[in-house]
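Same chain, two partners: chain A is paired with chain B first, then with chain C.
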Partner chain A sequence: MKGRPALRDSAIAAAALIVVLAIPLVHRSPAFEDFVIRLSAMALFATSLNLLVGNTGMVSFGHGMFYGLGAYAFALTMQMTDLPLPVAAVLAVLVTTLAALCVGAICVRLSTDYFAFITLAFQMLFYSVVISWQSLTGGDQGLRGGIPRRQIFGFELGSQLHLYQFCAVVAVLGLLALRHISASPFGQTLRMIRDNENRASFLGVVLWRARLWAFTIAGAFAGLGGVLAALFVSGAYPELADWPNSGQAIFAVMLGGINSFLGPVLGAAILLALNDVVTRFTEYYGLVLGIVILAFALGFRRGVLDFFRLVWPRGLR
Partner chain B sequence: MDLDALGACLTTPACLVTQTTSGLIVGMLLFLVAAGVTLIFGVLKVVNFAHGTFYMLGGYVAYTALGVTDSYAAAVLSATLAMALFGVVFERALISRVYGSNVLMQLLICYAVVLIFDDVVKIVWGPEFHAMGMPPAFQVPPLFIAGGVVPPFYAVLIGIAALIAIVLGLGLSMTRLGKTVRAAALNPQMVSALGVNTTLLFAIVFAVGGGLAGLAGALAAPVRSLSPGMGFSILIESFIVTVIGGMGSIAGALVSALLIGMVRGFGTIGFPQFTDGLIYIVMIAILLLRPQGLFGRSS
Partner chain C sequence: MNGLITRRTMLAGGAASLLAAPWVAKAQANTLRIGMQSILSGPIALLGTSSRNALMMEQDRINAAGGFLGRQIEFVFRDSKGQPQEAARLTRELVNSTGCELLIDAEASSGAFAVQEVVRDLGVACIHTNSETSSLTADPKIRVPTAFRVARQGVHDAVAGSIYLSEYANAKKLNKWATCSPDYAYGRDTTAQYLQFFKQFKPDIEIVTEAWPKLGQPDFTEVITKLIQAKPQALFTLLYAGDLSAFVNQGNIYALFTQMAVATPNVDYPVLAAIKNLPPGIQSATRYLETFPDTPANKEWGQAYLKRWNERPTNWSWQNTVAMHFYEAAIKKANSLDGKAIAAALTGMKIDTPFGVDGTITMRDDHTTINYAIGWGQTTPKEPFIIDVKAADWGKIIELETEWKKQQKYI
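What follows is the complex of A and B.
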C-alpha cells in the first residue's frame, strides 16, 4: 500500500497545479481567477471538515469557528506586526490549531448528537466575541483597513494573478497533505473508529485521543483556508465564523461526496457557482439554497463523486 | 467586572426583584423552547436544529394575528396552534423521511428549513426589526414589589410558563399519553410492538414541541423585537439548557433554563461584558463534571 499511492497522489496534484497555473497564461479572466481564489479557501475548509465528518464520523456543526479564527488571526497579525506574510500565516494556523485542541478536548468525548451542537455552541461563542470585541475586531463591520501588501518571494499579493497563483499552490499543497493524512495508518484508524468504535477500542485504539488529533488537524487546515479567505477579502468578517458558513461546508461535503477525498472540493465548487448564479437573480439566496438542500437530502441522498464511484466502482477515487 | 454593583444589587430588595423578574422572563421563555427540544430529542433522538425557526415564526404569526384580531389572547392562541401544525407538517414531510439515517441528513434538513424560513420571513414581513409593543390590556401601571418595578405582563408571562411547566410535568408523569411518550423514549420498537401507533405519537411530540416554541415566540413578541435571525440565538441557548439539564429531561430543562435566566439577570449587573461567557463556563463545567447533565441518566 505504501509508496506508490502517495507518489500517484503527488503526481495528480502536480498535474492539477500545472493546469491551474497555466490557465492565466493562455486566457486571463478576472471572474475565473476570483472563483479559483475563493474555491481554494472553501476547498480547504470543506475538505478539512470531511476529515471529521466522512473519515471519523464526527459531525461538527461548528467548523466555521476555525475558518473565521484563521482569517482573524492572520489579518490581525498582518495589521499589527511587521512579520512577513508566511510567518503570519503559520502563526495564524498555529493559533487555530491550539484553539481546536482546546475546543476538541472538551467536545470529543461526547456522543454524536451532543458533539454537533456543542461545537456549534462554541462557534457561536467565538462569533459573539468577534461581534462584541469591537476595538480589536471591528465588530459586525468586520476587520477593515486591509491587509498590508508585503512581497513574498517576489510575489506581490496585491496583484490578482499573484494572489491566484499563491492560493492555488497553498490549496493544492494543503489538500495533498490532507490526502496523505487520510491515507495514512492514522487515517485508516479514523475510518475504523467511524465504522465500529467498540471494535477499534478493543484493538487498543484510544478513541478520544485519535478523535482529538483528527479534530485538531481539521481545525488547523480550516484555519489555513481562513488565511486564504482573509487574503481574498483583504480583511476578516464575522460572517466567516457565522453558523451558515458551517452549514454551507457540511452541505459542500455531502453534495460532493462524503466518501470521496475530492468530493468536498467538487461540492465547494458547485456551491460557489450556485451562489454566483443565484445572487445575480435574487437576494434570497438562503431560500434557493434551502430548497436545493431539501431536494438533495430527500431525493439524491448521495454526493456526486460517491454516485460516480457507485456506478463506476474502479474509476474515480 | 463590577462585583461591587452586583453586591449592592443583591442587598437591595428593589434591584433584587427587578433582576429576578428579568431573569425569570429569560428563563421561562428559554424553558418553553428547550422543553420542545428536549422532548423531541428524548423520544425521537432527533436534534431539532430548526426549533428556533418555530419560535421565530410563532412571534411573527402572533404579530400579524394581533394586528388582525386586536386581541392578544387570540394572537397567542393562533401562534401556538399554527406552530403545532407546522411542527407536524415538518415532522411528516421532512424529518420522518430521514429517521434512522445518519445525523448528517437530519442536520442538513434542519439547516435548509432555517435558511428557507429566514428568507420567507424577510419576504413576508420585511428584513427590518418589528416591535409588537405591549398589548393594550397590559398597558397599565406596573406592580411594585418590595420597591422593584414589575410590569404586569411579566407576571402573566411567568405565570403562563409556570403553568405550562406544571401541566407538562404532570402530563408526562400521570396521564396515559405521557406514560406512552416516556416509554417510547426508552424503547420505541417495544412500544410499537405493543400496539401503540408510534407514527401518531411522533407527530404529537412534534406538535407539542412546535406549539410550545410558537407560544414562546408569541409571549416574547411584546418584550423583544422581532427579526429574521431571532430564532437562532434562542436555539443555541436552548441547546445549552438541554446540555446543562440533561437531554430528554423536562425537569432538567426547567431548572437549567431558570439557572441561565438568573445568570443573565444578575450577570448584566456584575459582568456586563461577559454574560455570554459566564453561561458557557457553566456549560463547560457541567460537561466536564457531569456529561449527562444535571438530571440526565448516564448511558
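What follows is the complex of A and C.
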C-alpha cells in the first residue's frame, strides 16, 4: 500500500516523458522544442521555490540567487575545465547546494517577514558580486564566449533536438524527485510546520533543521534549473540572478497554485507562453502581464490548478 | 451543470490556444522576413525605437527598388527588454518559428553576446548594429562565421578621442583631469581604454579624481560637488543619453562648465534636445551629426528621417541603415540568402554610404566595419550644435587598434 503513490507518480512521470520525447518524432517544431527547454528550467526553478512557499510557508524573495549561481557555476566549469558535461552539471548543483546550506543557516531561524527580506538581501549581495567581479563573471555583460558543447553518451547538445531531450529528461527526473520529497514524511513535516509550527515543535520536530533541509534542497533544484537555463542561452547573465527573476518564480507559483504539486509547472508554462505571445504584439508586456495576473487573482481567487481542484475535486486529486 | 461545463470548456480552450499560439504562426510565402530585436521598452527604448525607425525607412526604400532577389522584405520587430536570456530566446524564435531568413541584431552589448552564441548554432546571417564592445568581433574565440558588426567600436572611438583630446590638452595646457562615467562595465572599461591611449599621447596628465555615478541616477549633486572640489582643469565623461543631459542640466546650476573644460564622446541629438542650456565649448565627438560628414547625402538622410518621424536620428539609426546597405550589396553579390554565401560576400566588402568618412565604409576580414565617420569638435548652443569638427585619422586608429589586439592576444 505504502509504495503505491510513489509508483503511481513514477508511472505518470514516465508516461509524460515518453509523450514529450515522442512529439519530435511525429512533428518537428523548433519553437515548441525551445519552449519545452525553457519550461524545463523554469519548472524546476518554480517548483523548488514552492517547496518553500507552498509546503513550508517560507516566502523566499531571493530564490533567483540559486538559479543564477547554478548557471554561473556550470558555465564557468565548462569554460575553464575539460570536465564532461554531466560532471560539470553535478558540480554546479553541489556548489549551489552548499551555498543554499550556508545562506539557509543564517536565514531559516528568522520569522516570515525578516526571512523574506534577508533572502532578498543575499540575492542582492550575490548579484552585486556577479556585477563587480568582472574578471570572472564578465560583469554586467555576462559570461561571454559560449558554453563548449561536449558530447554526452553520443548526445551533442549543440543540436536542438538533443538539448530538448536532455532538458526534458532532467526536468522530469528533477520534478519526480521533488514530488517524492514533497510526499515523504519529511514533506508532511514541512506542511505541519507551515500549518502550526508550535504543534510541530511540541511533537519533537526541530524546526530550524527541517527548514534548513527544505531551503537547501530547494536551492539545489533551483541550481539544476539554472544549469538548463545556461545551456539554453549558452552562457550566464546577471539577470538570471537578479530579483525580478525571483519575482517570476513567485508569479509562476501564485499563478499555477501553491497547493498543487504541478501548479508551479503550469504557472511557469502560462508565464512563458504569455511572454511569447504578448511580446509579439506589444511592447507593453508588463502592463498586459499585470492585467492577466489581476484577472486570474480576482477571477479564481487562487492559483489555476488550485481552482480546478476546488471546482473539480475528484477528477484532479 | 451545462453552464459549468461551458465555462470549463472555454477555460480549457483558452489555455490550450494560449499554449499553442507561439508555434502556430509560420512565415507567409515569398515575402522575405528579416528579424530585428532590440530594446524597445524601458529607459533606453528611445535608442531601440530609433533603430526600428531607420529600418522601416530602409524597408520602404528596398521594396520600392524591387526587394531582395525579387522578394519584398518585411521586418519582424521584437523587444528583448534588454535581457540577454530573452535576446537569446527571441533570436531562436525569429528564425525557428517566425521564419526569418536574415537577422538584424540591434541589441546593446550584453544582448548582442547572447545573440552571437545562438547565431553560432543556427548558422543564419546576422548583423549586429549597436554593440560597441570590441571583443564581439575582435576576439577570435567569440567571432562567429556568419555574424558581422556594423557599428562603432569602443577601441576605435578610444584611439580617435585620445588623439584629439591630447592635442586639445597640449594646446590649452590641461594636465589635471577628472573622469565621471557610469558605474558598470561599459563605463569602467571604456574609461580605462581612453586613459590608456590618452596617457600614451600625453604622458604628463594626472587624474585628480574619478566619479562613478549609478546608471539612471536622478541626482548628480554629490558627483558635481566632488568634481568641483577636486579642482581639475578638465573633465572627461562617458555619461550618455538621459544621464548626460541630466548631468549637464544640473552642472549648469553649479556653473561646472565655467570651472573646467569638459569632453565627452557621447553627445547625440536626443541628448541635445533634453539639455535646456547647452554650454558652448564642450569638446564632443559626433555620434551622428547631419553636418558631419558635411555632404548633401548625409543631410538629405537626416532630413528625411526628421520629416518622417518628427525627431532627429541617433547613432543607432545610421548604423542600422548601413547594415541594410551591406545586406543589399552582399545578397546581390552572392545571389543567395544562405548564411555562408552572404558571409563570404560581406567579408572585405566596401560600400558607398553617406556615413563613411570618405563616402565609403569597409567590412573588414574580422567582421567589423572601419572608415565610418568619427569626428571631434566643440558644442555650440544653436544648430548645428557641434562645430569645428575634425575628422579622425583612420590610419592611426588601425595602427593602434592592431597594437591593442596584440596586447589582448587576439592576433
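Note that in this section the second predicted complex is superposed on the first by the 309 of 317 C-alpha atoms of A that agree within 3 Å, B and C clash if a C-alpha of one lies under 4 Å from a C-alpha of the other, contacts with A are read in each partner's own complex, and residues count from 1 in each chain.
FYI, a residue touches a chain if its C-beta (ideal position, glycine included) is under 8 Å from a C-beta of that chain, and two chains touch if they have at least 3 such contacts.
Predicted, not measured: the structure shown is a model, and the values here were computed from it.
Asker: Mind checking the superposed model to see whether chain B and chain C fit together on chain A or clash?
Answerer: clash
Asker: Given the touch rule stated above, what does A:206 touch, chain B (first), chain C (second), both, or neither?
Answerer: Neither partner.
Asker: A:284 contacts which: chain B (first), chain C (second), both, neither?
Answerer: Once the two structures are laid over each other on A, A:284 reaches both partners.
Asker: Have a look at where A:131 lands relative to chain B and chain C in the superposition and call it first, second, both or neither.
Answerer: In the superposition, A:131 contacts chain C only.
Asker: After lining up the shared chain so the two structures overlap, which partner does A:18 touch, if you call chain B first and chain C second: first, second, both or neither?
Answerer: Touch status of A:18: no partner.
Asker: In the overlaid three-chain picture, which partner chain does A:87 touch, first (chain B) or second (chain C), both, or neither?
Answerer: A:87: touches no partner chain.
Asker: Counting only touches as set out at the top, which of chain B and chain C does A:298 meet: first, second, both, neither?
Answerer: Only chain B; A:298 stays clear of chain C.
Asker: Given 219-227, 255-263 or 381-389, which part of chain C has C-alpha atoms clashing with chain B after the fit on chain A?
Answerer: Stretch clashing with the third chain: 219-227.
Asker: Determine where on chain A the residues touched by chain B overlap those touched by chain C, and list them.
Answerer: 284-286
Asker: Within their complex, state which residues of chain A touch chain B.
Answerer: Residue positions touching the partner: 53, 59, 61, 106, 109-114, 116-118, 120-122, 124-125, 128-129, 132, 243-244, 247, 250-251, 254, 258, 284-287, 289-291, 293-294, 296-298, 301.
Asker: Going by the contact rule set out above, which residues of chain A touch chain C in the complex?
Answerer: 29-32, 34-35, 38, 131, 134, 138-142, 144-146, 158, 160, 229, 232-235, 237, 239-240, 269-270, 273-277, 279-280, 283-286, 304, 311-312
Asker: Would you pull the chain B residues touching chain A in the complex into a rising list?
Answerer: 41, 45, 47, 49, 94, 97-98, 101-105, 107-109, 111-116, 118-120, 122-123, 232-233, 236, 239-240, 243, 247, 273, 276-277, 280, 283-284, 287-288, 291, 299
Asker: Taking the complex as given, what residues does chain C use to touch chain A?
Answerer: 4, 8, 15, 18-19, 21-23, 25, 40-41, 45, 78-79, 81, 83-86, 88-90, 92-93, 95-97, 109-110, 113-114, 116-118, 120-121, 133, 135, 139, 141-142, 184-186, 188
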